[in-house]
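Structures incoming, each one as structure tokens.
Below are two complexes that have chain A in common, paired first with chain B and then with chain C.
Then we have the complex of A and B:
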């Protein structure tokens, strides 16, 4: 139909064969990356293409990961789900809402339907924006990131993955192969504060994960520090696991305060540091109350 | 056998005529993606133009070195101030804006140089390679300081009676702030310039007023007006942002220099820096009333930040002044409005045009008065409401229906919705962020009334031209309608066809492309096109009908050209502000119901009901679209839309951080549309596009105040304002 509308030569990126690679398995992909230093991997392209359009990024070459089958699949590993780095949010929502409710809830808040169809977990991790929505639930659940290179594979806990604003342990020669997320062992919550009902980058976000058997609390913070953060002090809060009764107000208050304390927010155009701390305390309290209510329902 | 092609006498209800909602001519193409927007334009051998912009709000330019850019393969031209062929400045009211900056820049993003190259990427690279030597200066960003120094585009006072002689039972004094809103049209500034063999240039551009563009472009190019031919291109929204020039002169210069077609298209960040914004405002208001809540006096000092260049600030100041107290009767007034000159981004036209800022303030004042007196917000408005026969504070008589009291009364028949037992995340503050399932949520209700002038004011020679030809095609009469009116999405093309059907009784109407080969239609702004170009098409059709009665269409086409003018207006007196400055006045009333998450400071507007008097409904669907859209923009200003400034720099020139409402943020709207015809206007119509933009904002903020008890004197209201953190 509209042949006059779009001309692929509008933006002269990836025009030639030497500039655009499309491997079909991870080994080929990492070799390709090793052979072309400076080449930029592209999955959904929802971060890469924004960079290209704003000329922050002028890739010498691109490696399209969408042809790598292993990256596009997830599998059940017993205690955990192994999610290929190229699985888009829409699939996480559709397929994994039951076993990974926290990550699925976060995925639901990402962008718009189009972005959720294309955007991937691997892209979110590699970008490593403090505002990336996948990070808090991965931190709360104790997920691990599987990284591949020509040297083989290594696994890094999510908590050790982020090193600074938009920085991570990922080397130029490495690809993210998968994310291994323990199956939910109790209620999980994700709350994202944004000044619009949807399609909004978070002002701050909070993920909670309760492990009933292990009597453990996982707490992840987004958009309130140079990296996504774990609220470790808050995670060590004592909860009345035995009593199967409601939470005391003091516990809830304290949990909120500890989460707020764990944040290292700044003032920026999306919100003030003070508001972020305040909002995190509110979100943490609500998350804990909701999760506990869910537990009580299960117990009774 | 039917009568052979006789003119209808008198004009009758025609299928697809006035009062109906025929399908827009561009509807199918827009839905299936085939519509050609200005950004889709292309031509053989086309070059891409790109603008070099100053990153500094205020700087001296010591030198521009284009050598490196010119050396890049594929670069066809690099132009600076020295290359501007003739007049070096342009402007809508005053020619004060440099085509390209010469010695200095006065706002962030001011154009300094131009490049043309074989492709967009090369053009961008070349633009980055132009070396501009700046001496960075401290920008002057405080509009109040500018007023103190007398650095203003205009000061307009309004004085009636003497506020100090009144004896009020209650006085409320507040300061209000309105942040910088952007029109945020989805289609970026784009166009195509093609040099013509005769040395002239053809421009295709998405704009709001072709002839005003022409009047500004031709002198800068040093061409006679008939050597510059402009055709309207597919537009992706305007809202005032396309009244000022953007790509027009620049792409024409590049095309004339290179002898090749040149396309320009801004990216989103550039678009935010490359068009004017709504004037931010600081407003100090004092209202005095008697014990019954009747207004005794209003004092107001209003500072609008005009930014670096004049644009339309002059007219925005006049609107803010003449509409400063809203649709209320008051006999003692002392209003001063200043349009300050600063190094902030230039501000100019945006839907509501000076009426939006003051409406937020005077409506907030009415609520504060009601609060003090313990009467309802509806009651205080009713007690002060204007009606036909009232006078504006300019002394102008409201001579057409203005049934505000009746409009306010209509809400009793439309009760506030009950709180649903089951609420989806989408229905709650925070939306899909899942921040509340009802925790911390408090409901509030508020009202807002707006008064907006329709058409151009203050003695401006406002007219529109239409050429209508009736002709037999395959034995059927077909009306060809030609105007230069800009279809900016409002549905004006549809209306032109409706009018031709009604007036000429024909089925088929062909609309010729809007261009400069026909007389000016004036601007698609000030809610004026239905009135003005609608009036011109109607007049031309009437003339054709007249001729038709005298002869047979089979003998050849019948054509008529008509210019339509509204009644004369007068400038405001420079000292007292008195004068019949406006053509027509329009009213809209909103009620908003909000749910506020008071712990997180997030707001969900759950109900927005509008009562608007439009005189006569010409196209129900298009009209509803205008009210919905205007209300959405008002909602945006109330709770999210703001260009955040830092010492003259825009901090959020992207859709990542300049948030506009999505479908999820807009509640379904109830509309109650009144038709009290204005006898002076074509079909009795009243301009409808702007009034809802005024009243939605104060209604929503009043509802948030109702829920939270907070004073809220600034829009947009941000979450931190509601939770009390810095």
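Then we have the complex of A and C:
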């Protein structure tokens, strides 16, 4: 205790030095989490502070992640972009729109400018709301989540990350270090259904990712199940990759139907299960048509 | 339980003493530091009335933990907003009850700092996080255009950089040559 009191990074005074921690690297952050179980990590605060302000959450201690340099940076890893868990949406939009158009499009729909200046991928993943907007594009792109603890690092595919409503494989002693997103290998789309054009929690959302050379389709569904979902059946649809012909109406219809089938929606305040399925089919068809149109432009 | 930290508010170094780690910047500003420029309406990030600039970025102060702000620069409506923006709001009737105004002024100052001549769609996008229950937004958009014109004119005269906060200007008079159909004059008021 006394030795910890001398920590120059700790601004707290007296006996309460354990109230607020300011690690500057991930190793320090995970040690801090291990030493203070129950301490609540805070990044942008856009989820956690709502809970605190409304007294649903009364943390005795918090760990500020905004000073952890590695979390605030993104880097080009060749085939993929490694995005630190603490990079706010505004920077994803500004810096990564070209290489990760799907994730950037989803980021543009998050909250408001003020929320996008603060909110992070790490916070979205840790909260693991089925309605979180980052999830569908991460699923569609086949992203991986890098998790850190005092035991070291592990990497989990986004598709295995979510385990239930607001639940994930993240243990109490772990932090999300980064998200590794393969660079777009073709057109990507994100569509979100909400009550108005800004500041909406999605009623349902859909992300599509086409890999032209690999002839692969990625499809992620948001807000229409206990977790964000991959539409695996829809992903195995045959498309006229060999440029043998146009995208047939039948293929588009079928893609929409398969995406709707993959959903496991419920009725809630934002919409009924039936509406969500219907809207998802529309989103999926529209996404495929738009992506294909983009591809045809590239081909011609 | 005590936690002490120093931050820069509207250009002045101030010390805050907190008794819990999750106290919001909004609460600290208003209740511990007596700086009531940022308004408290929802405390859940939805309304934007508590918008401030944190190290130059627009954020909702209700969702920032004060303890995250050690050594950082906070600008409220009192220190973030060029005179032309305030003047344009008054001149265009963009203020009715005034509760949303401080947050909007900060968001507009931020917008004009990044984009000196925004189009309507860009203004709507930039102000999407600031709710106003009174004006219907049209007058606010007019005010942004008016402020942009005034700032550009000012900067052409002085050659000053676009992001410089300007000193307060005298109350606006009704001006028959106002652009964008601004035709009302607001009398001084406080919220």
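One rule holds for everything that comes next: the second predicted complex is superposed on the first by the 281 of 300 C-alpha atoms of A that agree within 3 Å, B and C clash if a C-alpha of one lies under 4 Å from a C-alpha of the other, contacts with A are read in each partner's own complex, and residues count from 1 in each chain.
Throughout what follows, contacts are C-beta pairs under 8 Å (C-beta built on N, C-alpha and C of every residue); 3 or more make two chains touch, one makes a residue touch a chain.
None of the values given here were measured: they were computed from a predicted structure.
In the overlay built on the shared chain, the residue A:22 is in contact with chain C alone; chain B does not reach it. By the touch criterion defined above, A:53 reaches both chain B and chain C.
When both complexes are overlaid on chain A, the residue A:97 reaches neither chain B nor chain C. By the document's definition of touching, of the two partners only chain B reaches A:192; chain C does not.
Shared-chain residue A:157: touches no atom of chain B or chain C. Once the two complexes are overlaid on the shared chain, A:279 sits against chain B while remaining clear of chain C. Contacts of A:115 after superposition: chain C is touched, whereas chain B is not reached.
Look at A:271: by the touch rule set out above, it reaches chain B but stays clear of chain C.
11-13, 53-54, 197-199 are the residues of chain A that lie in the contact sets of both chain B and chain C, per the superposition on chain A. Interface residues of chain C, counted against chain A in their complex, comprise 1-5, 20-22, 24, 43-46, 48, 51, 57-60, 62-65, 67-68, 70, 107, 110, 125-126, 128-130.
Contacts from chain A toward chain B in the complex involve residues 1-2, 4-5, 7, 9-13, 53-55, 105, 108-109, 189-203, 205, 269-272, 274-275, 277-279, 282-283, 286, 289-290. Contact residues on chain B toward chain A in their complex (touch as defined above): 32-34, 36, 40, 42, 119-122, 124, 128, 267, 269, 426, 430-437, 439-440, 599-602, 604, 639-640, 644, 651-652, 656-657, 659, 661-662, 664-665, 718-720, 723, 725-726. Residues 11-14, 16, 19-20, 22, 40, 42, 44-46, 48-50, 52-54, 57-62, 64, 66, 90, 111-115, 117-118, 197-199 of chain A are the ones touching chain C in the complex.
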